[in-house]
Each structure stands twice: as structure tokens, then as C-alpha cells.
Amino acid sequence: MSEDRYQKGIKYLKNMNPDSFRILEKNLEDVAPDMARYVAEFAYGEIYSRPGLDLKTRELVTIASITTLGSAQTQLKSHIQGALNVGCSPQEIIEVIIQMAVYAGFPKALNGLFSASEVFNERNEKIEK
Amino acid sequence: MSEDRYQKGIKYLKNMNPDSFRILEKNLEDVAPDMARYVAEFAYGEIYSRPGLDLKTRELVTIASITTLGSAQTQLKSHIQGALNVGCSPQEIIEVIIQMAVYAGFPKALNGLFSASEVFNERNEKIEK
Amino acid sequence: MSEDRYQKGIKYLKNMNPDSFRILEKNLEDVAPDMARYVAEFAYGEIYSRPGLDLKTRELVTIASITTLGSAQTQLKSHIQGALNVGCSPQEIIEVIIQMAVYAGFPKALNGLFSASEVFNERNEKIEK
Amino acid sequence: MSEDRYQKGIKYLKNMNPDSFRILEKNLEDVAPDMARYVAEFAYGEIYSRPGLDLKTRELVTIASITTLGSAQTQLKSHIQGALNVGCSPQEIIEVIIQMAVYAGFPKALNGLFSASEVFNERNEKIEK
Amino acid sequence: MSEDRYQKGIKYLKNMNPDSFRILEKNLEDVAPDMARYVAEFAYGEIYSRPGLDLKTRELVTIASITTLGSAQTQLKSHIQGALNVGCSPQEIIEVIIQMAVYAGFPKALNGLFSASEVFNERNEKIEK
Amino acid sequence: MSEDRYQKGIKYLKNMNPDSFRILEKNLEDVAPDMARYVAEFAYGEIYSRPGLDLKTRELVTIASITTLGSAQTQLKSHIQGALNVGCSPQEIIEVIIQMAVYAGFPKALNGLFSASEVFNERNEKIEK
């Protein structure tokens, strides 16, 4: 195992999205605890910690990708949380998802907006108009 | 028709990716010229021209989305061109595509990197190491 | 903005699916009201209002596409409503979705049929045998 | 084996798209001849031969589905041939594919239009304007 | 209709997953009873009954495919049931789904694991550690 | 970096598919050498080297997943090579891909079979009948 990589990932996760990771670890502990480790070690310890792109942009491109997948609303909401946590504004997140109408089609963009709306309501975030 | 919206889109396209749009118009002129108009009018005149997100970020989230689709390499290369044209560095583009390995899987990320490699070679772009 | 295009889209929506659009507008009003406008203006004002294909066929190909996406059951049900509203029979809708087993696989076709079943039950539509 | 079903499928294929099926059989004969049989027996003998939807509409919804998949251009071109063979006009086919921009995104719709353009050129089909 | 093929499929289904098929038949009886017949006749009577691959491997590759689709959790859970019924261990099923992180991305693999967890809980299956 | 994990992955790759990895490393060396490292370290050093599932089954479920993606024929052919290298028979590979017709639709299954046919021809592999 790569202990350093894991610790680095956990540090990023604590900063970016501690709640989602805690829930993930809990949900996986009986079936696949290694999978939570891979999220920490590979996704965060390797990828999000790479230089060359700031965390705000990393969260926005993740939101673009998961909106395009169309079938992972739990993960989409988790990354909308993460994007807000690293300093993206609600408006920036909305702009990314609206733009997905062009590339992934209107149904997936609409479902992405509904997920964003849920997260903003929970956190009492306001969109500037 | 929305003449203003179309002219606005064309202005954005001339700045962002004039070559790709010229080829697109040519390829569509016999079968669906309206589709080229929608690209100008809706995708560029409406979406890319929205405030709230800079063009560099808009191109990077588009690259994330098309890499995730996995089956539109021509459009991916066109947007890698567009990203370079609006000021993204080759390294930023590569970072976005590598990150897609986590969200869209390794095969799509690899194919995205091969497309980026082709565009960089054509334009003689170098990746800083 | 393209006022004419918007008004044309609203006219189509009032005819084809007023309830779905009202809910959509409501759900988007706090996060992305422009997105509801794009649905009216682009999807309905531009695309559904094009000549060359009747509205019944337009709704059936939309049902084929969303069944193939597989992850947008809300939009699928909305278009099953729309198809019924413009004169498609329940049987025609079922035939389209069954056929998707060949092109999009059995799981997506089955989920499409379950969505159709829900809509038909709500509206008390009967399938002729 | 279901001999009747197979013969019924072959009859439909001879009417709808004899060339594509001949090529398919040839390409599969060394690796998976049963797969060609399933195309005849299940896709054509069972599905296309069902009552309740005419063959023109069946081919148009297939075109919608394969355009939405985005990664099966050979099969898309084969069904554009099939659509023309059962009496769809080039314009109807183009309308279906343009509409996919709304549901599957612009990149897939554009690639669908390029495939249609290739087929129309081979057959010297003209779009009425 | 192919009576033999249907009976053969029913025999396989009774052995592999009788509960899921009973529910499926019930859910389809008012809208599309033929679709339940196709599941029996084509999916089970033709495909699962082919020689050349044992049923355990057939269920594991199905789980890989549906996890990759990402949007058919009901069918995924039904095939996790089927895999257990034909003798796959919970650990083997988990290994397949974890591996999908590499090919279909982490969000789809995670959702697959959550579905497996639900099925294992219902059946009181334990993962060996 | 996780040196051990990387060396373990390279050992697996040398056994499973040395040619594909050499080409991959070459294609990525100018744009994203880290991505080749992640393939070795994460995909092979972490995932394929896990206990609980033999390599033959691991390659077959990968083939199922990539056939379902539908848009990564290079990677599909590389894993068909890998499957043969770890002892899968051509017939087992064909059975997996045929079965994908049920879950991912006929177009993707057909394209998978064409890719298998190319690999078998290159290696002069024969299907037993």
C-alpha cells in the first residue's frame, strides 16, 4: 500500500469534502473498504493533488463530467458541495451545468441543475442575479 | 431567426475557433445548413457568451464533457484547438483529460490524451515538464 | 434575446405539454431561469416547430433517444405525456420502447416500459390488445 | 432454433436492407455466425415485424437511438440506408438527427449528420430546400 | 412464436432468478407482455443457454456491463441476485464491480457497490475478509 | 510515488500484455507519461493483482465493460489480446461479446465482434465450431 499517497489524499479530502468521504467510508466498510482507500489514494492523493490546475477548476471539470454521465446524482451533489467548499460560486457551478445542454443534451443538463438546486437549498446558497 | 444572436455567435467563433466553424459550415451546407446556424446562434451566441464564467474555463469543461462522451474525437480536437486559442496551456488541457480517468474511466481518458497529442503535434505545442 | 422564437416555443409547449413546462419553470426559477427559456426558445421554438416532420414522429424519436440515454426518467415520462397529447396511441409509444431493446439493450428498454406504465396509469390510458 | 422466425426476418431484411445484411453475415461467418442469425430472427423476425408501428417510423426511431449512442456509425449508416429503402425522405432523416442535438447533445447530432451526408452522396440523394 | 426456446428460457430463469422474473412479468403484463417473453426466449432461451461459458461467468460479465451502463440499478440488483443463485461468492461480485472503476469510472463503480451492499444485506450474505 | 505498486503492475503487464503497454508508454511519453504510470500502478498494480478473482475472469469482465462503452475499440482489442494471453479461448471471448447484445444493444455487440475478428486474424486464432 502507498501510505504517503493515502495520507496526502485524506488531507485533500478533509479540506475539500470531509462529510462526503465520511459517508462513503461508512457505506463501503462492509462490502469494499479498499474502494474508499482508492478514492483517497488515487482520486485525491494522485489526481486532485497534481500541480497544473487549481482545485476550483478541478471541481468544475468534474461537475461537467458527472453531469455528462447523467446517472450518478449522488456523486454530482457531492462534487457540487466540494466545488462550493473550495471557493466556486453557485453561479459558476450553474454556468458549467447549463453549458452541458450543448454537449450532453438538455435532459442531463436539467437533471444536473435540479441536483445543484437541492445542494444550494441545503446550504442556503443564493444565486446572484 | 435571431439575427443578433447569430452575429454575436459568429463574433465569438471568429475569436475562438474560426477554422473549425468554417469546416463545419462546409460539411453541413448540403444536408443541414441550419445546424451550423444553431452552433453559431445557440452554442456560441447564447451559451459561450454568457457572463459568469471565463472562456478558458468554458473550454476546459467542454473538453471534460466530450472526453466523457468518448465518441466524438473530431469535436474534442476542435475544442482542444479552441482552448489553446483562448489561452489555455497544453498542460491545463492535459490535466483535465487525465482527471477524466477517475470519472469516465481509463479508456476514455486515454483516447482523449491521444487526441490532444495529435492537436499539439499539428500546432507544435510543447508540454512543460 | 429572441422574443419571437420564445413566443413560438411557448405556443408549441402550451399545445404539447403545458404541465411539464410549468413544473420545469418552477423548478428552475431560483437556479437557472434562462434554462427554461432555452427549452422554450431553442427546443420548441426552433426544433419542434421545424417543418419536415410531424409532431407525433418528433415525440416518438425523442422517446427513442431518452430511452437510449437511460438516465432521465423524468424527461422520458414528460415526453410520453407529450406524445399522448399530440395524438400518439399508447401502443405506438410501447412499440418504440420495445424496439430500443435491440439498440440500447434490454435494461434501458425495460426501464422505459416501466416509465410508460406509470404515465398510462396516471392518465388511465389502456393498451389495445 | 426458430426457423419460421428466421425466415420472416430474412424476408423483412431482403425488403429493407439486403446489402447491409449480406455484409454483416460475411463479417460474422468466421467468428459468430449465430449473431447474424439473431439479427435476422430477433431484430427483424420479432421486432420490426411487429404490428402497431409502420416501418418508416421504426427506422426513424432506430436512427434516433443510434445517433444517441454516438459510437456506432456503421450501424447508423446502415439504418439510414434502410430508412431510405422503406420510403423515408432524406429530409425526414435529417430532421430526426437535428432534433437529437436537444436530447443527445450537439457532438452526436453533428456526427449523425456527417454519416447521413455520406450515405446521401453515395446514393446521390438530394435534400429538398 | 418459438415455444421451445421460451420453455428453455423459463427453465433457466427458474434456476437462476425466479423471483425477479415473476416481478418482471407482473410489471409488464398490462403494457408489454411480449417483452417478458423476449427476456425468457431471447436473453435466457438463446443467450444464457449457449454452451462455451459457464453461468457464473455469464452473470459476472452481465454485472460488469450493467455497472458500466450506470443507470439500471434494478437490473443490476437482479443480476447480483442471479450471480449468487448460480454460485458466485459475494467477494467475486465485489471484485468485478471494483474493477469497473478503471473502465467505467469511480462514480459508476461506487453506485454498483451500493447496489451490491443492498442485495447482500437483504440476503444476509457476508463478505470474507 | 508508490514504487512497489508500480513494479508489481509492470510485472503483471509483462505477463498479460507487454506489447500494448509498450505502445501506450510510447504514445503518452510526450503528453502525459504519468498516465502510463497510473495504468501500471493503479489498474495493474492495484486492481488486476487483487486476490478473489482469476485473471481470465478479470479480462472477460473488462471486455464486457469496454464493449458496453462502445467507443474504445483500441482498448477493446488490447484486452482481447490480454484475454488470449492469460488463457481465455477465442470462443469464451466471443460468448462474452455476443451476450452484450442483451445488455448494451446489438450495435455495440456487433462492433465488439468485429474487433475480436481483427485480433483473431492477426494472431491466426481459430474459433472451434
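A, B, C, D, E and F label the chains in the order they appear, each numbered from 1.
Going forward, a contact is a pair of C-beta atoms (placed from the backbone, for glycine too) under 8 Å apart; a residue touches a chain by one contact, two chains touch by 3 or more.
Just so we're clear, the structure is a prediction, and the values are computed from it rather than from any experiment.
Peer 1: If you apply the touch rule, which chains end up adjacent to both chain A and chain C?
Peer 2: B, D, E, F
Peer 1: Between A-F, C-D or A-E, which shows the same interface as A-C, counting it as a repeat when over half of the contact pairs match?
Peer 2: A-E
Peer 1: Please name the chain that ends up farthest from chain B once chain centres are defined by their CA atoms averaged.
Peer 2: Chain centre farthest from chain B's centre: E.
Peer 1: Once you find the CA centre of chain E and the CA centre of chain F, what distance in Å lies between them?
Peer 2: Each chain's C-alpha centroid was found; their separation is 23 Å.
Peer 1: How many Å are there between the centre of chain A and the centre of chain D, using C-alpha atoms for each centre?
Peer 2: Spacing between the chain centres: roughly 39 Å.
Peer 1: If you average the Cα atoms of chain D and of chain F to get two centres, how far apart are those centres in Å?
Peer 2: Each chain reduced to its C-alpha mean, chain D and chain F end up 30 Å apart.
Peer 1: Check each residue of chain F and list the ones that touch at least two other chains.
Peer 2: Within chain F, the residues that touch at least two other chains are 34, 38, 42-43, 50, 66, 69-71, 94, 98, 101-107.
Peer 1: Give the list of chain A residues in touch with chain D in this complex.
Peer 2: Residues of chain A touching chain D: 101-107.
Peer 1: Considering only the defined contacts, which chain F positions touch chain E in the complex?
Peer 2: By the definition above, chain F touches chain E via 42-43, 47-48, 50, 52-53, 57-58, 60-69, 91-92, 94-96, 98-104.
Peer 1: Residue numbers of chain B touching chain D in their complex, please.
Peer 2: Spelled out, the residues of chain B in touch with chain D are 24, 27-28, 30-32, 34-35, 38-39, 43, 66, 69-72, 74-75.
Peer 1: If we count contacts the way the header does, which residues on chain A are in touch with chain F in the complex?
Peer 2: So the residues of chain A in touch with chain F come to 1-2, 4-5, 34, 38, 42, 46, 50.
Peer 1: Per the contact definition, I'd like the list of chain F residues that touch chain D in the complex.
Peer 2: So the residues of chain F in touch with chain D come to 69-71, 90, 94, 97-98, 101, 105-111, 113-114, 116-117, 120, 127.
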